[in-house]
Amino acid sequence: MLAQQLVNGLFIGSVYALFALGYTLIFGVLDILNLAHASIFMLGAFTTLVLVLKGVPLLLAILGGALAGGLLGVLLDRVAFWPLRRRQAGPLAPLISSIAVGMIYVGTANGIFGPDVRHFPFDVVRTPTYTIGPVTFTLAQLTIFIASLALMAGLQLLLRRTRLGAAIRAVAENPRAAQLVGIDLESVYAQTFFIASALGAVAGILFALTFNAVSSVMGSAVELKGLAVIVLGGMGSIPGSLLGGLLIGLSEDLSVAYLSSGYRDAIVFAILFLMLIIRPTGLLGKRGLRTA
Amino acid sequence: MHALTAFYSAHSALINQIGVNALLALSIWVTLACGQLSLGNMGFMAITAYASVLLVLRAHWPFFPAVLAGTGLAAIAGLLLGWPVLRLRGVFLAIATIGFGEIVRIFAVNLSVTGGAEGIAGIPQLASTPIIYSSLALAVFLLWRLTRSRAGRAFAAIAQDEVAAAGLGIDPAAYKLAAFAIGAAIAGYAGALSAFSSFFISPTDYSFGRVVDMLASAVVGGIGSVGGPVLGSILLTLLPETLRFLQNYRDVINGLILLFVIVFLPQGLWSLVDRRRAS
Amino acid sequence: MIALAGVTKDYGGVHAVKDLSLELPDQTVLGLIGPNGAGKTTVLNLMTGLATPTSGTIALDERRIDHLKPHAIAALGIARTYQTSRLFPQMSALENVVVGMHLHADDSLLGQLTGWPPTLARAQRLRTQARELLGELGLSERADALARNLAPGEQRRVEIARAIAMQPRALLLDEPAAGLNPVETDRLRAEILKLARERNISVLLIEHDMSFVMAACERIAVLNFGEKIAEGTPDQVRADPRVIEAYLGVEGVA
Amino acid sequence: MRSSIRALFAFFVAAFFAFGSLPAIAASGDATVGAVFDISGAAGSYGDGQKNGLQLGEDYVNKNGRVHLSFDIEDAATQKAQAVNLFQTFTTGGKVVAIVGPTLSSEAFATDPIAVSAGMPVLGISNTANGVTALGPCVFRNSLTEAAVVPHALKAVIDRYHVNTAAIIYGNDDAFTKTDYDVAKAALDADHIKIVSTQTFSKGDVDFQAQLTSIKAANPDLLFVGALAVEAGHIVADAHTLGIKSHVVGGNGLNSPQVYSLSGGAADGVVVGAAWAIGAQNPGNIDFVEKYRVRFLKDPDQFAAQAFAAAQIMENVLTAAKSLTPKDVCDSMKSMKPVNTVLGAFSFTSNRDASGDGVVLVVKNGRFIGF
Amino acid sequence: MNAIPAGVTLLDVRGLHAGYGRSDVLHGIDVRIEQGRIASIIGANGAGKTTTLLAISGLLPVRAGSIEFSGARIDGRTAHAIVSSGVTQVPEGRLILSQMSVRENLELGAWTRHGRAAVDDDIEAMFARFPILRERAALAAGSLSGGEQQMLAIARGLMARPKLLLLDEPSLGLAPKLVAQIFGIIESLREEGQSILLVEQNARQALAISDYAYVMERGSVVREGPAGEVARDPAVISAYLG
């Protein structure tokens, strides 16, 4: 049973990690806690669902969902953060404006799709189940796990090895210094939001495909977990969000298995709380995005 | 006059909700005034609400002693939470306190004394509109006086530069703990008033969304002065009621209005009332 | 009055301050100079509780203060200013100075909460005193301006007024003349010396402007790589070959 | 800019005073009945079905012509405070003679006392928690509680198969699913079935692998699921994926097309104790299901059926009432004779609860049929 | 390197107004810099020297007036576009990227340029000019001492191959010995033909290495002329040179 619980934890944890990646990227670059991230997670899934129902092949539909998520992220930045940036508002205002945009996004989904839980046609998502020894898992779960790792590695490479990555790191550390060497700040912000939000959307799409459920409130399932992940792993740290995600996933599954399922979330939050008290920078924090 | 009584009898619950929500927004505001973003206030609400309701229903205490005992409990919980999180700032503090609030809620779900998910029904209606509004008036007055006192100056100094404040002999830890305890007590007290004016409580009443509402009310109203959170609560409590006709699209308009205020009214709605702060 | 004995401060294996012994006697103006990164600001941080010595002791009138919290050290009468302004940006200059009176403010909380007239009168008196203090530093007209709207030179003086408002025994100034031109520098030096003399405040100041240091200080200590390489009167220090080598440069002081 | 902000503010002040007259939009017919459902928010999918069912019921009643009836359906958005305000508006507006709703039991505990003190009858159509009808002498419900349906479903499975051990998974942060647990545990204990594993989850969960892995290790003969439709669908799917072979049993919460739409073929064989069967052959029901499909392009669920039945009940109650005042309507409800509804022949017990044992259904090829 | 012959006007600022919040700090500034020369702006704290540089480099919006650079208007352009057109600022407080390595800082300095090989050559050139940076190349820039950081900041500014270098208080907070070194660097840059606009508190030394000087007071230019003349002006001596 332990083996199965570990595998369960790794799968769900990799979704948390992928979701938290966008959170952490935006926090690292702009010092903003973007509470609208969960709504982009949800809208990405809805976009893919609509595309699939229109007959678009699944892979293309996932790409479409990611693209939509990225664009919604850019829009979010434009309406919620850009005006505040211009007048150099304190940290509280962006928190509230991201909540506001989250409400608008969720409300739009609610208006269009209603409150029902939607699902993909079963012939699209039916995946074979594998049993290896004591462990059972589906192809979808395996895919989600590998895709999460690959996307995280990709982001890490982007930040370390590319021109855009250097610009993002420079802006993250000191926007004014970045401007002085000729980096277009707004363009870097927009690209950061695009990447972070596209990743959030992909997390939502994979989540929806694994559990075959899409609903306007699906973001709330990961919203607070995402926070726990980035705190545990270290705000702004990309390997941190992977580690944090996997640890939260594992702690959930193990506390259900060996402690009490009723207190599962309490245990997650207790870990989060203790982490903040003992080491506020998280397991891999401090090094942060800047040294990725 | 008749129209007023008729209006009151049709909307007394809503009027009470506004009063309670204003107190809740003030509870967030107190910690903000000391530079701390504390988002665990739904936990304090729950602690006082359950404690005072159980004291009244099971131990047959009178209303006010029960509520005050519960409020004291919340203040103690505020100190106990405040102490370990003292050195956390900004979003880290916010996240830690959210964790606290969620833990309280999960305990309320799992304990038997709280009635678990089934909650506690049949709570007597002891928190009348006069009680709620005189409490609010008193809280506003005391907090307004507080901001002008030595302690209030210390709060503001810590909020703006903690290191410099300490350099002037202000003990940041003590004042931050005090702010935590005051905020917790106000949140708890408001939670009790809410419980004793709504017949029924259950853990759902103390979820994360609740504290988001409080914070939004405080910021939309304006955190520059004590009147802001009250104004914000009036708007944000009325908004869902007035926008009901939009059905599933209601949240879109809700969000747009919230966004509008944040983007175009940096000092919140209060700046419309108090022109000096309008810039 | 304040005595550092054998103080060492390590940051991750690097000595920011090494085996430093230094005394700030009563009613003295002591200068602390040295190249960038020599550990001068660290010394101030150690003396005000923002940093804790790795080893060694810091005492105020024989009383150990090296493990006290910053606010407790401030309460014992040590005030300071910072390299870059740490005024409370959303408060007026006057309010900044009133907050500086925290330790001596006598408007009780209960009196304020109830609006008790004698308390309100006491609060009013604090404001009057603060206004006078700002006047002494030539800031009467700027008293009600928000601190963040003040010019850097004005901010510097408000910060000094705020520190003086604490009624300290010792005042530690971190580069008070940085960014000021010679005329402004001279004026500030005069103001500081006058305030210190009138109120019996000992001053420790870090400064790069040698004319300021030489004119203001009775004694000067020189740090290099966290170690004290010289201490003495301005003339002694100016002539010290080690100081010239490490800090002043061959050309000496202009 | 400044003036437009002032205008906005003035708008809200005006709106506040204007919406006192909110229920005035109703009442074109003889009697208006208020309805408070959670059409949006977390419980939106239940309120949605309820709204549809009630709208269909309104047409049905008015076509019959025995009484002219209109429902003023308002959305409480799964916010207790909003449900309370709506109840207060309805009870003080003088326009409605009865209220249908609210959607959740937890809301009912907060709203029904308002109706009780105003002498307004309430008909709950989805409140299943213990003690709801005890709130007052005019609080009724047409929803069969879990206590009424779950033991029958369990008994049916235990009688048919070889069952020695059982496991329970339920949502412990929801009054409805918590009641499921209490009822199922009592029933299993009474039958001396050993409970080998008890697991809980929270509202909104989608991943149940951890709990089900523990259950699989305990290898029970029967798995009782105390959940609402969406979570139940995921549980059934996950149980299938993990290869759990136990007989799956559930209550009213599982009586929804969502259970098989979310789990695909995995739902086959799930046994459900419920108040209503989509395939029930009484003529009223066949007609209802057909009309519902035509109008809303999907299958009705139990929430919709119970809402439709509420309209049928109100039709009889209002026809028989001495006058169309809340008091007489309440009296008429108390003395109501059995009525033919989509739920079958319906009557209230002396405690104003729904009488009857419900039905036991099983999922076969994606449809609910009699067990 | 420079197409424009020495002595021709490179930067022409006319009637510049700029400021923060509601009030203007600059009330119509005129500043001109010729190709291959050093102009310096001296003045009291808060006179608007840094504000002038921020407005030129696009970090602060120009409220009125014009800025012409190499014959083209650059006021209203974004900061990064102005860097691309050949104006680079080495800011007060250095603003090096302390968590990135010294080499990465230099590479970022060449952000607006293309051609990897030329950039690498220039990094080598910087290492030759500032040998200490070569020693520290792989270290996080934040671990450098104040003087080293100032050298890195100047080197980073030069990496853009600017037609005009704006230096804001390069000697601020540096020990006297290092101040002399920094001024030595500036002087050698002029000898190479680099046009520079220098803002300095240290008026005496600034005037000593400049060709031309502006004296600012309360947001206006109150005196200008060849640096030698300004340095001998009795009013300037009593106000700024002490």
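Order as written gives the chain letters A, B, C, D and E; numbering starts at 1 within each chain.
Here, a residue touches a chain if its C-beta (ideal position, glycine included) is under 8 Å from a C-beta of that chain, and two chains touch if they have at least 3 such contacts.
If you're wondering where the values come from, they're calculated on a predicted model, not measured in any experiment.
Undergrad: Stepping chain to touching chain, what's the minimum from chain A to chain D?
TA: The least step count works out to 1.
Undergrad: Chains shared as neighbours by chain A and chain C?
TA: The common neighbours are B, E.
Undergrad: Please identify the chain with the largest separation between its CA centroid and the CA centroid of chain E.
TA: So the chain farthest away from chain E turns out to be D.
Undergrad: Higher C-beta contact count, A-E or A-B?
TA: A-B
Undergrad: Taking each chain's centre as the mean position of its Cα atoms, how many Å separate chain D from chain E?
TA: Distance between chain centres, rounded to whole Å: 73 Å.
Undergrad: Need the CA-centroid distance for the pair chain B / chain C, whole Å please.
TA: 41
Undergrad: Rounded to a whole Å, what is the gap between the Cα centroids of chain B and chain D?
TA: Computed value for the inter-centroid distance: 33 Å.
Undergrad: I need the residues of chain A touching at least two other chains; which ones are they?
TA: Residues 110, 114-115, 260, 262, 265.
Undergrad: Note the residues in chain D that touch 2 or more other chains, in rising order.
TA: 39-40, 44, 172
Undergrad: Going through chain B residue by residue, note those that touch at least 2 other chains and give them in order.
TA: 109-110, 247-248, 250-251 - these are the residues of chain B that touch more than one other chain.
Undergrad: Could you run through all the chain pairs that touch each other?
TA: Per the contact definition above, the touching pairs are A-B, A-D, A-E, B-C, B-D, C-E.
Undergrad: Mind listing the chain C positions that touch chain B in their complex?
TA: These residues of chain C touch chain B: 48-50, 69-72, 74-75, 79-80, 82, 86-91, 95, 98-100, 102-103, 105, 107-109, 112-115, 123, 162, 166.
Undergrad: Would you mind writing out the residues of chain B in touch with chain D in their complex?
TA: 6-7, 9-14, 17, 109-110, 116-119, 121-122, 125, 198-200, 202-205, 235, 238-242, 244, 247-248, 250-251, 257, 260, 264-265, 269, 272, 278
Undergrad: Taking the complex as given, what residues does chain B use to touch chain A?
TA: The contact residues of chain B facing chain A are 32, 37, 84-85, 87-88, 90-92, 94-96, 98-100, 102-103, 106-107, 109-110, 208, 212, 215-216, 219-220, 223, 247-256, 258-259, 262-263, 266.
Undergrad: What does chain D use to touch chain A in their complex?
TA: Listed in rising order, the residues are 39-42, 44-45, 47-48, 172, 199-202, 204-207, 209-211, 213-214, 216-217, 230, 233-234, 237, 241-243, 258, 261-262, 264-265.
Undergrad: Note which residues of chain E are touching chain A in the complex, please.
TA: Residues in contact with chain A: 57, 59, 78-80, 83-84, 88-91, 95-100, 104, 107-109, 111-112, 156, 160.
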